[in-house]
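What follows is a short report on a single structure.
Chain lettering (A, B, C, D, E, F, G and H) follows the sequence in which the chains are written, and residue indices restart at 1 in each chain.
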Amino acid sequence: MSEQEAPLVAVIMGSKSDWETMKHTRDTLEKHGVSHVCRVLSAHRTPQKTAEFVESSVEDGTKVFIAAAGGAAHLAGVVAAHTVLPVLGVPLQAWSLDGLDSLLATVQMPRGIPVGTLSIGKAGAINAALLAISILSIEEPELGKKLWEDRNAQAKAILAEKLE
Amino acid sequence: MSEQEAPLVAVIMGSKSDWETMKHTRDTLEKHGVSHVCRVLSAHRTPQKTAEFVESSVEDGTKVFIAAAGGAAHLAGVVAAHTVLPVLGVPLQAWSLDGLDSLLATVQMPRGIPVGTLSIGKAGAINAALLAISILSIEEPELGKKLWEDRNAQAKAILAEKLE
Amino acid sequence: MSEQEAPLVAVIMGSKSDWETMKHTRDTLEKHGVSHVCRVLSAHRTPQKTAEFVESSVEDGTKVFIAAAGGAAHLAGVVAAHTVLPVLGVPLQAWSLDGLDSLLATVQMPRGIPVGTLSIGKAGAINAALLAISILSIEEPELGKKLWEDRNAQAKAILAEKLE
Amino acid sequence: MSEQEAPLVAVIMGSKSDWETMKHTRDTLEKHGVSHVCRVLSAHRTPQKTAEFVESSVEDGTKVFIAAAGGAAHLAGVVAAHTVLPVLGVPLQAWSLDGLDSLLATVQMPRGIPVGTLSIGKAGAINAALLAISILSIEEPELGKKLWEDRNAQAKAILAEKLE
Amino acid sequence: MSEQEAPLVAVIMGSKSDWETMKHTRDTLEKHGVSHVCRVLSAHRTPQKTAEFVESSVEDGTKVFIAAAGGAAHLAGVVAAHTVLPVLGVPLQAWSLDGLDSLLATVQMPRGIPVGTLSIGKAGAINAALLAISILSIEEPELGKKLWEDRNAQAKAILAEKLE
Amino acid sequence: MSEQEAPLVAVIMGSKSDWETMKHTRDTLEKHGVSHVCRVLSAHRTPQKTAEFVESSVEDGTKVFIAAAGGAAHLAGVVAAHTVLPVLGVPLQAWSLDGLDSLLATVQMPRGIPVGTLSIGKAGAINAALLAISILSIEEPELGKKLWEDRNAQAKAILAEKLE
Amino acid sequence: MSEQEAPLVAVIMGSKSDWETMKHTRDTLEKHGVSHVCRVLSAHRTPQKTAEFVESSVEDGTKVFIAAAGGAAHLAGVVAAHTVLPVLGVPLQAWSLDGLDSLLATVQMPRGIPVGTLSIGKAGAINAALLAISILSIEEPELGKKLWEDRNAQAKAILAEKLE
Amino acid sequence: MSEQEAPLVAVIMGSKSDWETMKHTRDTLEKHGVSHVCRVLSAHRTPQKTAEFVESSVEDGTKVFIAAAGGAAHLAGVVAAHTVLPVLGVPLQAWSLDGLDSLLATVQMPRGIPVGTLSIGKAGAINAALLAISILSIEEPELGKKLWEDRNAQAKAILAEKLE
């Protein structure tokens, strides 16, 4: 893969069952025309492949990583251990504790290895894409314009809401 | 202020008492040679000034915002409401609940308005700076190199630790 | 709108999906004959409109604000930043954490900007209306009488309950 | 006591040890020239006296109640059971759990009996006074003006902060 | 009612909707042949009647009180304020927070006014009855014998369980 | 030991370090003239001795058990497994989590084996003694009178408090 | 039972209703060809039988214990009190609090009596079996090989996942 | 290093500041004459070295791993990703949230990769050593005998405690 063609955003999730939530990340990136790749990779079951994927993606020109996991959600941290590019974490509700475990395991990173953490679940899946686009918009002002258009559309929609 | 001279990172905190923690953000940005400005501005006490500061900073060329607050920590969200540039949130331990309130009030943003949230307190203050630098490194590879140098230095230091 | 005709209570919610809960606020205000207006306005998506709405409502004669939101529930705090009239907050259960995030983000306001916070969800929606009426009853004793009638009716109903 | 002379705000706390926090309520009310009375009364140890105090205060012309307690903080709820005037609750950090018990026991009132709850501890003590003043300002616009003056002073102070 | 005929255990709950859980208290008391009365009474909506009920029950010969409530569950504490007889509290899951609010509001009583708190929900409803019987068994050894018979039956049932 | 001379209340704690809190249980029992014994016994380190102590105490005439422990606080549950007499649990703050672990491990007993749980820490230590006395007062009305005297003294003390 | 034939792993659960979760422990042990026995035994309802079962199992050659319970989950701790062999705990979601009570009651053991605690619920049920096998694999390298085969199969499955 | 001489237990911690707690692991292993090695290695700062250390330790004959970390405590999970030998996790109190983050990030592992988690902090540090010894005692009965001697000494000490 040549650098130009490498996807700008790599979306990694710990299990295929996360896809129901994380396809909202994909949808949001697509809607904004941002190239991306989505992969199932596990911090614990495929540690070596995860490291290799991160390193080769960086080499190929990926700029932002999004990692989503639930429970003892180590994926974003493990990704961050292998790159100094921005890593965004999406805590997913797992089998108990309503997302609190995933949130704390994603956000409470020790000094030195940052993970920018978004909301638990679907809201976070969408927002991770938006933050990635926002990061890319620094270089590419067109993306920022589209983000504003979206915000304006959201605002218009809100102001048009009729209660009953 | 001309765009070239505008600080790349704007660091906002809700109260002067946050400075003890947030000066670690400043120190980290300085160490990496990233231009920045640090300001006390409140989501609730100076909402208009906060909005104006965000908007004028964007106009002047600021690329990343870091906002730190405690308790019902609305500052990062309010900053994010006024820009589509990346906003990073640092939840600060407040007068009770050991940072849980600040964390939830910073991270649980609704879909559409992302805040990349870091760890509670000092670790988050340092990591917000590192994530901001990491974002800027996409455009400026020198910053990325320095981030790796730091990581390598950290790794070396860890491997050199003697336990007694 | 002349001041006399302005609704006494303004009810704001962050999203139309909150209406299912917040219509209980409306119902309670209606039952007590208190003029009101209900609006969808977002702290993050329509910050300027929210501020304008609060300021023009105050000018028109609104006396109490009720703001309801979920997750990083900043709406009540943002309303309170634009008025010194009483602001009541209703934390709504959001997509995770069972309302704890909404509660902490609404209630833990820093000194200087109070938000009187009610219970999470429907109980809070009803109680916000009752507290608003209670506030207005200071000027208008008829409202207080009706509140007592309601309490007496509630008490009577309880005492009439048959367990099987 | 004639109605004219009755204190407008009654501040009740469950134990004398709460006074260290609640004197900030008193100070704030005094600073704004709002008449008030502060009393130690317990929901559990002096239930009858608490009820009598609430009822006689109402008769004498008190308009707002502030109740502060820690742990299984029932005081505000018990006060609210005896009046339809506004009752504001201040959850105080008790012997464990960092204020979470006090917060939940104060705020999670069942439908029908509202308590407007403020932040945990000192911030809440100050904010309860401010919300009480804000409620009284509906009738007495001078109080509202002073609240704005304070806000402006706060804003000015924030904008004047120098970080080192 | 003459003292001999007064029910030994009074079971109070804050709302009729609690009966679905609390009928397990009734069933357990019935199974053990312990006289009892079940009533809906509210700490907040019928405070005077609650106090009167407690006081007259004591006078009539009731020996143990069981009080169940959810949310800011003040009922057991309010009962305990009116008697020095044993008061047992059952925290009921309410509209949010999965019973944590009810538990903390019931159990964290200040020194001087004890409430013996049982498990959240149905397990607590049954156990409150068993603890009441256990208290009464001090005077009436027959009750204790029957409690042991039950335990033995439980043990037997457990030991007879077949897993597939 | 003959039955008459057996202590009415047995107070068990998991470690000698709990004594600093639990001597308040002892003091309260002493003040009310209730015979008691205090012992260090562990659910995990001396399970057999704990069972034997409970069984022999019952035989000797003990009527109420108080068990205090921290962390995975199993002591009260283990005591309750060996007697059908009333068992009261005091959750003690342990090495982390501010008493939440101790509370949940003490109170959330499965149906069939009740533990009447008091507040976390010192308040619970005092209240466990008071609830034990309250249980014994059913047979011995003098104890109930003294409990009321104490309550009245508490009430008087509260009503006599001067704030500054 | 002769030592050779004794099951290597004993799986104990507090109630038959736990079997729906714990049969995953059984399935995992079976799949790896590890001899085992599954029993319902209660820390509170059959304390003596639980102790006897642990002691006789040890004598017969059992090497690892797995104990699962919910709520005030004392079972693993009680098992650990009767053996110095490895005891693994599985916290099961009970009637409230989403497994937090079970987790804290299982894991927060005092120094001296360790319980190796796994995830809440089904994930923990499977992992307890895997950790038991892992412990046994120290003596029996074949088991370790099979664990690696499984890991490799898991990794392969993950790498083969197609997202739409 | 030949297999015979390899330490049986490898103790890894994320930072040198963890040593104050983790030296209790070392002390306990030493007291029981179990060979061990203690190392500072980070899941995030030295991921490759951590993996290499685990793999070479396994090759050299290490049988049990103990990993301790705080905050988003990924270390034990990362170790478990590189071995099928038993991995024990010790959650350490970090900069906020009193150990809850560390506990959840250590214990809530997804199915397939178990970590046997001990108590938060010092109790867990000691218990991890004891559980490791307990695991090794399966092969080496002398270790089990010494564990029982210790337990008996603990029991004796408890039974000898004098309360004043």
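Quick notes on this structure:
Note that a contact is a pair of C-beta atoms (placed from the backbone, for glycine too) under 8 Å apart; a residue touches a chain by one contact, two chains touch by 3 or more.
Quick caveat: nothing in here was measured; it's all calculated off a predicted structure.
Listed here as common contacts of chain A and chain G: H. Counting C-beta pairs in contact, the pair that comes out ahead of the other among F-H and B-C is B-C. Between chain C and chain G, the centres computed from C-alpha atoms are 50 Å apart. Centroids built from CA atoms put chain D at 19 Å from chain C. Annotation: 35 Å between the Cα-based centres of chain B and chain H. Remark: chain A and chain H have CA centroids separated by 33 Å (rounded to whole angstrom).
Residues of chain D in contact with at least two other chains: 15, 42, 45, 71-72, 96-98, 100, 107-110, 112-113, 115, 119-120, 122-123, 151, 154. Chains touching one another form the pairs A-B, A-C, A-G, A-H, B-C, B-D, B-H, C-D, C-E, D-E, D-F, E-F, E-G, F-G, F-H, G-H. Chain H meets chain G in the complex at residues 63-64, 84-86, 88, 103, 107-120, 122-123, 126-128, 130-131, 134-139, 144, 147-148, 150-151, 154. Touching chain C in their complex are the following residues of chain B: 14-15, 42-45, 47-48, 51, 70-74, 77-78, 80-82, 94, 96-97, 100-101, 104-110, 112-113, 115. Against chain C, in their complex, chain E makes its touches with residues 15-16, 19, 23, 26, 38-42, 45-46, 49, 71-72, 95-98. The residues of chain E lying in touch with chain G in their complex are 93, 98-100, 119-123, 151, 154-155, 158-159, 161, 163-164.
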